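Alright, structures below, take your time with them.
Each of the next two complexes has subunit A plus one more chain, namely subunit B in the first and subunit C in the second.
Here is the complex of A and B:
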């Protein structure tokens, strides 16, 4: 069922001059695309960030899960910046400025996404209402018995 | 010739569906008694005809009849036979025909064996089923004809996407479809019972095997799909919150809730309206899933807007069926009372709580899946991924796990918390110990909670068996215990994967060794190998666990010719305490090879748990069906005896 993703990925890879990074397709992969940072703490930080960044050429894969060359370049970018001591959220903002909100799997809090963050609260409220109504009736049952 | 025959029987089946709908509707009226005898045979015949049409399409794929458009676009003469057959449903038209086939066969089966329901409710159910089928017949015949010919036969077929040429994936979509379609039967039962105002335990008992069966298939389908993604995609991920995955998860969540509420209805005659509502929701989610996957809307809202024919068709079906069912529900809701009452501390109450939690998760997944489509329609592309779904669904999932541990120990109708508290001391201690150990090991919050609740629930799920004679314990009880245990096991696997996985990327020359967790991995050599329709580079890797004997793993990077494509074949080594995952990447410039290694402690528990959940469902289904058969035989005997006495 996931074939759409790959057809799309392949199609995009062939057809779209998506970003400046894509122009480097013919070059060897960037140094940190398939190499980890020597410091495990930094690598863990980079990994956590990469898992929440979208591979723009794939469908529904993070850059930590993709063989696309652009994902490799983005991994390199993330690892290099983490190694330089940058804050992960600052790197995310830098990427969002460059590629748009789409690149971040963590939705950014802004008016457009407020409903998304309100959803859990709304569902919790609905759940509470549903359960309350039911158990209020149940309490009557108890009283009836007493 | 075969193609034309297939199309002809498909049209005839559609005509029979019309007859089934009309005859069923007429038979419900007092003056329609003459129609009563027609409905069942028509339903059976309709199933037979569609099965013939599907057999015709399979034949076309087996013989690779390249004058048929669908075959030319999706098959290839040099493909292994099994993938030629699987190719029948590996495309849009074929998969919709499969959908209709399963649906009509299920309808035929209901017509043949269902004897408990009041005759009127059954007729209404079959009419509703025909009404649902008709929409899909129209969709097939008007916009997705699988039997269309090409003006000129193609010289060779275009082939099947290499990612789909995998035995697991060949049977993954049909498995999910059986699940979806099973829910359509549950939906028809709900509609039928609403029409005849007959929502009660008999209806619940008739509906339950279908819900249970659908749910088993969905469970197994999702588990298999997750494992397929895990070993095929080559990066060790097992769940991506991809819209296509969510499309299969949502019906499962709804079916899980429905399964539990239908059991309450069958046993206690409570939750009537709620069960009917869930029946409608569960099938709605199947249709939403089909819409998401089949309309092309996932690739882009704009792609959908450019060629909206198919998507609009499914959307229209969705609106007609779901809107119609909800309207009927609204009209009849007043006449469906909630049924028997129960107290705040009771098994019903626990089931209701978890039903609501499941619906909460369902709501979150639905909103998170559809939200990007919504914003894209307004010109802004956003992504909603694991950082949203994981914590937000946990808000509902973790309380659910707690109540799951308690619920099965409670009595029906009314109970005291004080009675079960001492029984639950052991699982509570286990949960605290596991959570404490995880925290001490520096595990993050969500995996810690997952480990603690999983461990506690694993113990608690066995408690309903205490004090029972295990040989005499009814199968449905065993089913519940095994399913709940499976969910606990899966939760621990997920938490462990997220907390303890070790990833190592390495560029290795042959002969070099790298340590990954407990494993020492040596790249021995790289060889070219060839399969029936692919060639590959294959790495031979020796893996020594804690300095022991070497296991040989052979990950491959495969290249397919028809159509061109590549696929990584990861190599896995499973131990009782985890799995080693090895992937061969590309050759680096200096002649070394990119390798990716993961050591994932206890990760197989995820799928083992999923299979246990399905196995539990299977045990329950056997138990229920066996009991039904026994009862049917008894009824037949009585009828037979009466007949003889009367003579």
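Here is the complex of A and C:
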């Protein structure tokens, strides 16, 4: 019993000073940071887009996942633009214009990135060529044996 | 066709070593990625573009608010993105004062800040700003591709963003920023 109490106390002592370390603002979140759009179709569009946009504060999270206040402000920006009838891809381009491709999790086809998209086709082609050679040789060998 | 792909008679020279070479290259890439210093800064790709239209209400009682129109005409200005709740913003305050003393005109955008917090911050760290806009939704910050506080932008007299400084301005950054301001005059 004594030991249990000690463990509890130690746990509390460790946990308490962690809270106020991070610098955070104290303003309430932006209007559309945590509120969905009234139109479900628009909200679905906004959600799909937000899941593919990077939070610049917590860089391995999407803005849909992050609780950073900047991610909240970005969600507010995305939702208000969708509500105003803007196309999701146009919003993505708007952000890429400001933060570069890094802000988008969905890869963009560009002069620099097209080899990434072409590589699978090139490798498949190469493999087909190689296999064709091997099969032919195998057939020759079998014929020689026979 | 089959001859060109893998010559059966010849000794397997390059073909034998190629996988090892490829693996060596991959290993070198991994090591390079491991020893390269970590960099999480996201540079704005909005440099060279005119500052987008915005109009912010004043964030402090004794300074006017800020709009994009105020960057057009006159001379190049500094746009400092900051907040009272941000630690490094207090660190750079003496460097901002130094820049102001050297003749730089500085406008501030306070991100998600409360008026009383900001007043306390300015009283403690000095107020080098000509104008301070209150940005509760990080609108201006997102609009110019800034991803954190503090960041400082050099904006020329045509309202075009010419340079971005990410993070607190340290003493050694002051001459660089003054130089960028001078360059922005051309």
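Of note:
Heads up, the rule we're going with is that the second predicted complex is superposed on the first by the 98 of 146 C-alpha atoms of A that agree within 3 Å, B and C clash if a C-alpha of one lies under 4 Å from a C-alpha of the other, contacts with A are read in each partner's own complex, and residues count from 1 in each chain.
Here is the rule we use: a residue touches a chain if its C-beta (ideal position, glycine included) is under 8 Å from a C-beta of that chain, and two chains touch if they have at least 3 such contacts.
Small disclaimer: the values here were computed from a predicted structure and weren't measured.
By the touch criterion stated above, A:114 is placed in contact with neither subunit B nor subunit C. Applying the stated contact rule after C-alpha superposition, one finds that A:59 touches each of subunit B and subunit C. In the superposed pair of complexes, A:67 makes contact with subunit B only, with no contact to subunit C. In the overlay built on the shared chain, the residue A:102 is in contact with subunit B and with subunit C.
Shared-chain residue A:127: touches subunit B; no touch with subunit C. Shared interface residues of subunit A, touching subunit B in one complex and subunit C in the other, are 59, 100, 102-103, 130, 134, 137. Subunit A meets subunit C in the complex at residues 23-27, 30, 56-57, 59, 69-70, 73-74, 76-77, 95-100, 102-103, 129-130, 132-134, 136-137. Residues of subunit B touching subunit A in their complex: 90, 161, 163-164, 172-173, 176, 225, 229, 233-235, 237, 240-244, 248, 293, 296, 298-299, 341-344, 346, 349, 352-353, 356-357, 359-360, 363-364, 367-368, 371, 375, 378, 380-388, 392, 395-396, 414, 503-505, 507, 565, 568, 585-586, 588-589, 594, 596. In the complex of the two chains, the subunit A residues touching subunit B come out as 1-8, 10, 28-29, 34-36, 47, 51-52, 54, 59-62, 64-67, 100-108, 112-113, 115-116, 119-120, 123-124, 127, 130-131, 134-135, 137-142. Residues 1-2, 5-6, 8, 40, 42-46, 49, 83, 85-87, 111-114, 117, 136-139, 141-145, 147-148 of subunit C touch subunit A in their complex.
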